[in-house]
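In the two assemblies presented below, subunit A is common to both, partnered first by subunit B and then by subunit C.
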Partner chain A sequence: MILSNEMNADKKMTPKRKKWFTRNDWTGYLFSAPLIIGVLAFAIYPMFAALFISFHQTSGLSLNGKWVGLSNYRYALEDPVFWQALTNTFLMGVLSVVLGIVLSFVLASLINNLKWNFGKNFFKAVYFLPNVVSAVATSLLFSFLFFPSKEGLLNFVLSWFGVHHPIGWFTNPEVSRYSIVLMSLWGALGYNTIIFLAGLQSVPRDLYEAAEVDGAGGYKKWLHITIPYLRPIFVFMLIMGTIGGMKRFTDVWLIGGTAGNPGGSLMTVVLYIYRNAFLASQMGLATAASYLLFIIILVLTAVMMLLNRRKDSLD
Partner chain B sequence: MKKWLLLLLSCMLVFTLAACSEGSGKDVTGGVEIKQVSDMKGTVRVALAGWQLDNGINAQTGNSTIGLTEYMDKTFKKMYPNIKVELYQIPWENVKAKQTAMLMSGDADVLYTGGAFASQWYQDGLLRDLDDLIKEDTSFDPGIYLDGIMNNSYSTKSPDGTKQFGIPAVLGRRMTIYDKKLFSDWGVEGLTEKATPDEILEKAKKMTGKNPKTGEQNYGVYWSGNSLNGSTFVALTLAFGAKGAEGSLKDVKSIKWHLNTPEMVKVMEWLKEAAKLPPAGFITAQGAENFGLEKNNIAIALDSTGGATMNEFIANNNKELLDRFEPVMNMGPKGEGWVAVDPFVMAKNAKDVKASWEVLKFLTSPMTQKYTYENFAMTPTIKQADFVKPEDKYVKKALDIANVGHSELMDEANPFYMSDIVPAVNGFISKAASGNAPDTQQFLDELQDRAEKWSANLK
Partner chain C sequence: MIQTADSKALRRKKIPVSQWILAIVLFLGSFIMIVPFLWMLVTSFDWGARLNITFPPKIWPEEPSIRTYEVAFTNIKMFRYIINSIIVSAGVIVVSSLSALLSGYALSKLRFKGASLVLLLALSTMMIPFEMTMIPQYLLFSKLGLLDNYLAFYLPALNYAFGTFLAKAFIDQLPSSLREAAILDGAGEFTVFGRVYLPLCTPIIATMIILLFLGVWNEMLWPLLVLKNAAKYTIQIGLAMFTYNNGINQQPSIIMAATAVSLIPVVVVYMFLQRYIIESIALSGIKQ
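For the complex of A and B:
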């Protein structure tokens, strides 16, 4: 009797094995089908197709190319232009991300401290405006602002401050990468600032009040409360900025052409991929370089996420 | 009050739409009466890179322009009332990927595109040979087109030169143009009709510096230092007899590279010297904004179009500028240079081949070329372009250059040329401009080595 009761109790406690497709599930799958199909067709399939192509010699019109194994990867890795492109990309990416995050955080803090709501909205709009301008328009605009002769606006303004020798913003290989960073900062500052502003407004007021009771000033509150509290946002910006920076193409292509002029200083990895894919129809080599870039971005992202795994002391 | 305002606005909108929806009322046939040619039936899908379909205004001259849709309605539709033509306009940005997709999915029968793209598609088996259609059609005369581009261009002929896959529709204009006023200010004799690179360099050096009459900074020579197709480099290779490579585009991996020959050294040495003379912005294609206009400060422009001067003439009847900016032939031994040709081609799997041929033939006909020249200043590809304005010496010169043109392996149809040679040469130019030019022989040896590795990777 006892045994039978126990068995009955066991039966009751063992959860029922869930059917794969209940009526409710069908409805759910039906609604998510367009998205799943879209992701499979436009994200998963191209990724695997590109991987497949990277082991082939093909112009990309079909998957049926000549199998060449790792030859395309070897060629890219032995190509000094690829390494030059990677160095340029990395340098411009690091500068853009670091300066972009620091400047936009400072800017967001300043805007957040404004007492006047109209002022807050005004500055948010002003700094966000460049973000809605296309990269093509920005590049054109800056190619005139940074015109390398004394007629260029920036050189003209600098001449008021005693810089009489015009700077070759986009024509001097020593300067051009920094000019691109300046240009991209102008474009991205607004977006980063808005994200930081949203974060700043979510910091609990009682933390500041408690700090004030302990006698903390504005700077100390900023350093010991605001910055640690916004750490997840910093990490998000760092990762997204790094991914964006490693994929730099439109601006350098519009300004430096396919050579990444001046002197190859604006040659980036995506420009290298573009040259091989669409100018030389070497889709195998281009996809191999794409996968190398993918691996680099993946490693960088993983490293950043690992470094951030340390539990936040505020919690 | 609000109702009245709404009514007034609605009326204005209706009248505006009604006014805009009418055709231009302009004659597009040059007074020729259009008659029905055939009652052939069919539907043809035409994919056009960059053409303007709707009526509009030429931003540079202010003149009104007739879009292709109205032109086709007034001409082709009357000639072939039962052929339905579907026009698809594709912006030049990323046109290759889009048109390739259309060809692969069978969504286009006839295409207008860049010559290099057409050549690539032909080699990939996406285009149809036109020889049988040309042979059958007695009304089509291939002899009306400029020989240099109909018979000797990668944009219209197969790599081995035996098959015709494209009919040239629009020509690229690239010629040497010099400013007579600056030459006079400096006391330098004008360029000869077939000015060689040495003559150009020698005269350009004399005219770089402060203008002896105006005191303004002048620049002896200009060309685009980040040109996508490296047209100036091509003209120089022709001038110095530097072939660069031997073989056929039909078998790219077997091309034998000759990139470090003494002739190629001369080409690069010329570029190294000349790179000191243009305005600094030339390496990013800037600095020649005023060439062809009143405020010009550049004596000689290579691979120039004359477009700015001609637009000034059309808009303001400025004949002074026309007299001032003189075109001469390009730098090749016969005056040839790199000639861009944009052809019409037919998809391999065109649905209705006969109707497609009629459309293709019409869109490359002298009548259509007259229309594109008058409305969009496109350069024609025919020998008897009698519709070209008598004052338009630039188009006439471009036609002369195209007539002696020929394709070599230093061409945008060559994949390694586009992906590596042009960027390398542009990089060399930019380093030379900043006074840090690499050793020429070493640069070319490295380029040769790179080319050989590239070919080896294909095998």
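For the complex of A and C:
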């Protein structure tokens, strides 16, 4: 739009010079050159290259292989390991996103209602601290806290409450995915809380005042004003959290290795991609799986955005 | 203003019970957040935990010693990894923020033909997951012979579309008349950018530095792909490979000492810039 308007304006005002590409335009592209080169070389090109590779049977590091059509996609979709990876990723992602949003919203509301300013900043800082800790450090730390014998801190604490049979947090395939969820809650809670707090402070005060006039109490105000007003933030977190959750790799790789131990319960989609690309040298299969991941992420994002819009029209 | 008036009123009156309950609940919760760090520190100073974690868990090390840290620094080349991570972070910060500021300035103030198209293209590539493009990128760098070379970090750093977005939004708020006046005085475009606008951009530069530093320092997957030589390892991959090769859950106090050291730079940065960091995160979250 802007482009065509400017062109028309140029034609009308300087019909004789016909300088289609001005000095200013050149400078603009010169200044944007680093960005444009970066985007072309490290986003657009690899996106198409990945698509190209996914249709080929490659060997080793060479890009050229035999054209095999969709058979890499078919292989991935028929591979039980891929489905296991997808199920695990989805389970861990959904649980950590939903629990994370609920917990951090409650936490942010509590902090926001605190009238003690020093305490407010202190709690903000403390709850956010785990967020700057890397996934590697978190995984190493929790591999000891969640030690599977009675020596582990969590099992020790649980023994006070009558759980005398130590839980194999990261060794029991039935439990390990939930342990990962607990661990990622510890790490990610602060991030959501900070964003919710920023949102809570943006709710206009006169909305609350109007509700008070109507006789609404604290809880009712929270339910009928705060939550609906913050809906865009909930949707944003749902989307960002789901995208992040679908890309889970570092923690499961470090704790469960490339096989996603125990018993494949920690196999995730990105781990599947990594394992096929860099251990099995199956670049074609790996890129096909990565395209499937991309499509899944796009569909999930689109569905969540649509749900948001439909709610809008209902209101 | 309202806040301070509130707290003064509180001091004069009695603090309501509900506020006490709130503070206690939050305090108990923050205890859960802090315990892992405390356990890490206690264990890291405990020579008695060099082979197995101690039982029952200790509030104070069984055999307090800093030998654990000595062992961590000799067995894991922590010092080297930290230097490497600083080099990589610094390079990425310079490349990414310059690329973002230059393009943000051009998109905001130059209004060149196709500017909106460039912005739209850059922003839409943010949707492409890195996990999808990492394989071709890896193949590209291995073909160029740039594995184990930090250019594998600096070159992709050119693509910092989110930074461009932040910079453009910030420069949009600065008056264009500054540029026009400087150009009338005969200044070139680079001078206008560097002398007039760049100094005004300090807040957004600080935000970008913080976000980039935290991102690069904690990055794990890309270094795992492109760094094969242990002398080139960044801190995360160095720490990860040590435990990966020796088995996780081994040598608690040594690993915890190394982990604690890996956290020092981020935690120090966090302590000093805590307010800035929290603001930056909130800003980036809302902008996205």
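We take it that the second predicted complex is superposed on the first by the 284 of 315 C-alpha atoms of A that agree within 3 Å, B and C clash if a C-alpha of one lies under 4 Å from a C-alpha of the other, contacts with A are read in each partner's own complex, and residues count from 1 in each chain.
Basically, contacts are C-beta pairs under 8 Å (C-beta built on N, C-alpha and C of every residue); 3 or more make two chains touch, one makes a residue touch a chain.
As the structure is a computational prediction, the values presented were derived from the model and not from experiment.
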When the two structures are laid over each other on subunit A, do subunit B and subunit C clash or fit?
clash
After superposition on the shared chain, which partner residues are touched by A:Phe42: those of subunit B (first), subunit C (second), both, or neither?
second
Using the touch definition from the top, say if A:Leu307 reaches subunit B (first), subunit C (second), both or neither.
neither
Tell me the contact category for A:Leu70 with respect to subunit B and subunit C: first, second, both or neither.
neither
Determine, under the contact definition given at the top, whether A:Lys124 touches first (subunit B), second (subunit C), both, or neither.
second
Once the structures are superposed on A, label A:Ala210 by its partner contacts, choosing first (subunit B), second (subunit C), both or neither.
neither
Check whether A:Tyr291 is in contact with subunit B, with subunit C, with both or with neither, and answer first, second, both or neither.
second
Of the partners subunit B and subunit C, which touch A:Ala50 in the superposed model: first, second, both, neither?
second
Please name the chain, subunit B or subunit C, that touches the greater number of residues in subunit A.
C
Figure out whether A:Val163 sits in contact with subunit B (first) or subunit C (second), or with both, or with neither.
neither
Using the superposition on chain A described above, determine whether A:Phe142 touches subunit B (first), subunit C (second), both, or neither.
second
With both structures aligned on chain A, tell me which stretch of subunit B collides with subunit C: 37-45, 91-99, 163-171 or 271-279.
91-99
Following superposition on chain A, which residues of subunit A contact subunit B and also contact subunit C?
61, 143, 147, 255, 257, 278
So in the complex, which bits of subunit B are touching subunit A?
96-97, 100, 104, 120, 124, 126, 225-228, 279-281, 283-287, 415-416, 418-420, 422-427, 430-431, 433-434, 436, 453-454, 457-458
If you look only at subunit A, which of its residues touch subunit B in the complex?
57, 59, 61, 68, 71-72, 75, 78, 81, 143, 147-149, 166, 168, 170-173, 255-264, 267, 275-276, 278-282, 285
Could you please specify the touching residues of subunit A with respect to subunit C in the complex?
1-3, 6-7, 21-22, 24-29, 31-32, 34-39, 41-47, 49-50, 53, 61, 63, 107, 110-111, 113-117, 119, 121, 123-137, 139-145, 147, 150-153, 156, 186, 189-191, 194-195, 197-199, 236, 240, 243, 247, 249-250, 254-255, 257, 270, 273-274, 277-278, 283, 286-287, 290-291, 293-294, 297-298
Counting only contacts in the complex, subunit C reaches subunit A at residues 3-4, 6-7, 10, 19, 22-23, 25-26, 29-30, 32-37, 39-40, 43, 52-57, 95, 98-100, 102-103, 105-107, 110-118, 121-122, 125, 127-140, 142-143, 155-161, 164, 189, 193, 214, 217-218, 220-221, 225, 236, 239-240, 243-244, 248-249, 252, 255-256, 259, 262-263, 266-267, 269-270, 274-275, 277-278, 281-282, 285-286, 288
